[in-house]
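I've put the structures underneath this note.
Consider the two complexes below, in which subunit A is the common component and subunit B and subunit C are the respective partners.
Let's turn to the complex of A and B:
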């Protein structure tokens, strides 16, 4: 009996530990932000409650939050797929941008007569484009052990350069000013879910992908293999898993997801491709994946949280003197502490020592 | 029993150098240590024995300050202490060599020796130069007291394990350790190396170093220790001066009354050998740093046969195994598995063709330590029925399979979801073996299959290997335990200098013969 009771207590502690571990980055972020706010003479409590109200206070605000979370669902999943396999792909940003351009290109260049078929076509083209894009560093890593952090990071700049050139040259819209492509056909635009808010059907696509990712990770042989490769490559090789195949596979899936994210953003949010298409969704997606410990639920929550921060940030600034930078500070701090598993570590130490 | 142990040491005039009283430690559902009391007198060599998962390593980690006990006292030099961490224990003179070594593989031995306590030329704030000459001198001086040659400029990752172990011990001594804790120091050593280690430890005892060591080999305990303490299921169940006890008594206490101590008679192959299953022809590998080259190895393993590969460690056995299982490229020669040329196939395809592999390196190659027990024991079967159903993993079947495999070798674990690193060393080894035998191979390449496993576990593993052979399976058994090879193998191949220097049928082999072949024709050439 006491055995069972003690085991249960331990379970409870383990859960508590896990909770603290996840909440820890936010606690630190709030503390840092509070310190900054106090230093500039603001009351942190007021600011935080304003931010909470601005991100979850009404249906409209919630919709805005979800809208901001949409691209992060895609980039979060795209990052997590690679990270859990020990492939440090930081090129989701570039793949997202490439996907956006591909999606928009299908959306405005094919005849409008395609109708609703434009949407799947655009998504497919974007997925293929980005998958090919990331398969290059994937192949280089698998075959020649070219460090993926360097190659994917560099490819981001290549992606910015290529898309920047295209929207200023061959694909430049003739009617609307600078650095944008023409609008996609109306049939290619993703429907809005809660007008007048901008949250669009891409959010649902993102949700489906998060669920699919969760299934893939837990329920498929390749997902299982990916996790083992992430834990220990030498072991995985000795157990008969092909490391190169796994690396290329996760890179390609990551590209597909990132590309679909770009298409969703182009067709649902901007209705075109524009220079500066992504304000760093790929990088925030990295924080989302780290924070969510590469789990589907974690990614969903992480994306919504970062969505909330972003949507609160834009409006908070309108209604108060608080600089938008406070949101960046919070985001940055969360990112740093998402990486450090300090929360759980220090708690364990402290409990052990007491 | 605890009271008895306490009384006997309390009556002694000498103080307790290192001890524990009523120590408890629980991990999840596992009570790793319950009410442990143990007292080690100064200058004593104290052996701790017990089954896999009995809680030996847990106690060692607590005594070194790595883990905090849930309750109970720790005693150093008759005083109660409460370790704040391993650094604290170290200040009190307690140093430990872990079951899995902990040298930094990319640093040289010399760098490892001084790591954390570097002699400096002079200190200019944070910028100061390390005095490598002083470091080397101190290393040489300490090594001089032992019988081993140490090439201090070698990277520790490429050094034979027994040298690594010496360096670890020397490193602790250099930093002033006077109480040494050694967790299964002999598990990875060949017999001759065990002798070297023991003579070092005896010398240290003369210099009044106190030594606490864990072992599964009772012969070693009898040969070296002054006192032995037996653990069973987290408790101390017996403690006695070695002079007043014998192997059978100790073994009896280890296994407990309920245990079955009958050793299965070592059986030999009954039927005739079948077809050739594995054949290596003139296998040659280039001389790379860190590895011993192979010079044209010819070897055959037939159906229904256990072939033992004997040899002084570091003569190319591990390289040969890696070539056979597809983890190392060969420069010349060929490998056939049941008639198929597999020389250039990756490990994955060789497994498809029916090869199983128990790696000698369970920490890096045998297990993914951070992954769950369940994932580790079903790994490799994720694409086969019943775990794979219509392209999806059947989680219930996976759990069932995992449970069955673990039960086959009585692996002691908390929950299937726990990390494999939470298993005790011997249980990790059992897990690896359970996984490979369950994959239903034609040929098993097993390297050091019983390293760190207790007596009962060894008997179980040997019985499984024999049954596998009797059912027509083939086994290539690589082991540094000559006894193990002599007991199991139907045919023995002896390796030296990257060559097979001779083969013997089991009937005509004995320790002396095989030992002679290993040494006269071999020895290391580097």
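Let's turn to the complex of A and C:
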């Protein structure tokens, strides 16, 4: 009897810890944001409730939130796939941008006669482009143990440089000003789900990908192997999992997902590629994956949360003069505290001592 | 004439990267890859402009920038060394956070979005008298010489000695190379790492101050333009050796300075801008390939 009770209590503590784990970074971020708001003489509760109303208050606002969450679904999944295998891919940002350019390129360069076939073609081209892009650091890590953090970080800047060059040179639109490609054909534009809001069919694609990721991670052998490699490389190797193959696999999948995200953003949101295509979706995706602890449900919630922050931030800036930068403050805090090892701060230490 | 200008511009553009790279190099020697150098540069630049305007003195502005950088570095370090946070993600998060805080202050206090112009900002003084500009070739560079550039190059000369012979330098290297040995010797690894990160912040803050006060005298949100990452590229390529890293910084500064001229020669500046990053990739691949070959030969 006592054993069962003890086990139950242990379970409860484990759940409590897990709950703290999910909520902790966000709570800290809200506390930091509150401190900032208090410092400038604003009531945090008023601001937060205004933000909540601005992000979920009406169908239109919800649509705006989902629209802002769309790219994050892709970048969140692309990051989580690698992180759960212990591969620190910080190059999703670059892959997203490359995918956007590839997708837009197909969308405006192929003849309009392709009709609706343009959309799958654009997605496929973007997926291939970004997969190839990330396969490079993946291969270098698998074969030569080239530190993937530095290589993917550096490749981000290379991606910005190459795409920036292309939209200012060979792919520059002839009719509109600077730094943009021509618009994609109308047939290649993703349909809007709730006009006049900008939420588009890319959101559904992202949703499907999140579900597919969840199934892959939890129900397939290769998904399980990926997680195992993340938990314990030596054990994985001992039971016959190829570490190099897993690394390349997760990098390629990550590239495919990030590339599709870029295509979705190009075809659904901007209808072209432009310099400054991504205001850091890849890095926010990292925050999403970390906050969601690499689970499908967590990524979905995290993406919607950050989408809400982004869409509310813009309007809050209009209504109360709180600068939009409060969103960055929250995002940065979430990222920092999402990786703080809770074991050292939470109940575990206390239990270990007792 | 053109050569004079390129030399002068290269030297000026090297200084901020060089300062940040020296800080980051010491940090990495102690085992911390500091990906948040950019944030500290940005903070340094901002503080430098504000303090320079308020006090009308460049020295306090530079000092305040360095202290601000060191303080941010120390906070970052505590999160990594005491709370066990992953240094890469925490570093990227810090970049976002600092940009957010500075943007917030700009917007709230100064009611401006992006750029901060303040009255009476005192720029860094020129050290040598006007007449040196008559010296052939390097005259222009000499006439533009200011204290931070001198400090940066002095630190390049001093750091190898510090790392090799001074106690704290040895502690740093022990902590980075062999944490167990360091612990056995009674060195507190977290303390040493905290010191090194604060040091990196101090130097990055100086780099930021140079960006803001060397010639333009104002702050802009995009002022660093990823220079913290260029600095990272520099010490990765320079394999954490001060002298090699400094030469790499000089090369990056030269690339930066000659971009505009290369543009007129038909080379797109955006592609030139990717060279530092590609160089690091190549360096990493070569290092990895060598290690791999060595391992294969041993086996």
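We adopt the following convention: the second predicted complex is superposed on the first by the 328 of 354 C-alpha atoms of A that agree within 3 Å, B and C clash if a C-alpha of one lies under 4 Å from a C-alpha of the other, contacts with A are read in each partner's own complex, and residues count from 1 in each chain.
The rule is simple: contacts are C-beta pairs under 8 Å (C-beta built on N, C-alpha and C of every residue); 3 or more make two chains touch, one makes a residue touch a chain.
Just so it is clear, the structure is predicted and the values come from calculations on it, not from any experiment.
Asker: Pick one for A:296: touches subunit B only (first), subunit C only (second), both, or neither.
Answerer: Once the two structures are laid over each other on A, A:296 reaches no partner at all.
Asker: Looking only at contacts as defined up top, I'd like to know whether subunit B or subunit C touches more of subunit A.
Answerer: C
Asker: Once chain A of both complexes is superposed, is A:87 in touch with subunit B (first), subunit C (second), both, or neither?
Answerer: So A:87 meets neither subunit B nor subunit C here.
Asker: With the two complexes superposed on chain A, say which partner A:64 touches: subunit B (first), subunit C (second), both, or neither.
Answerer: A:64 sits against neither subunit B nor subunit C.
Asker: Look at A:240 in the shared chain and tell me whether it touches subunit B only, subunit C only, both, or neither; answer first, second, both or neither.
Answerer: first
Asker: What is the contact status of A:220 with respect to subunit B (first) and subunit C (second): first, second, both, or neither?
Answerer: After superposing on A, A:220 lies in contact with subunit B but is clear of subunit C.
Asker: Which residues, counting only subunit B, touch subunit A once they are in their complex?
Answerer: For this pair, the touching residues of subunit B are 26, 28-29, 31, 67-68, 84, 325, 327, 346-348, 350-352, 357, 359, 364-371, 375, 379-380, 382-383, 388, 391-393, 395.
Asker: Hey, which residues of subunit A end up touching subunit C in the complex?
Answerer: Residue list for subunit A touching subunit C: 36, 40, 88, 90, 140, 143-147, 149-151, 153-155, 157-158, 161-162, 164-165, 168-169, 280, 283, 286-287, 290, 321, 323-341, 343-345.
Asker: So in the complex, which bits of subunit A are touching subunit B?
Answerer: 3, 6-7, 10-11, 14, 218-221, 224-225, 227-228, 231-232, 234-242, 352-353
Asker: What part of subunit C is in contact with subunit A in the complex they form?
Answerer: Residues 33, 35, 79, 82-86, 88-90, 92-104, 106-108, 226, 229, 232-233, 236, 268, 270-271, 273-274, 277-278, 280-281, 284-285, 287-289, 291-292.
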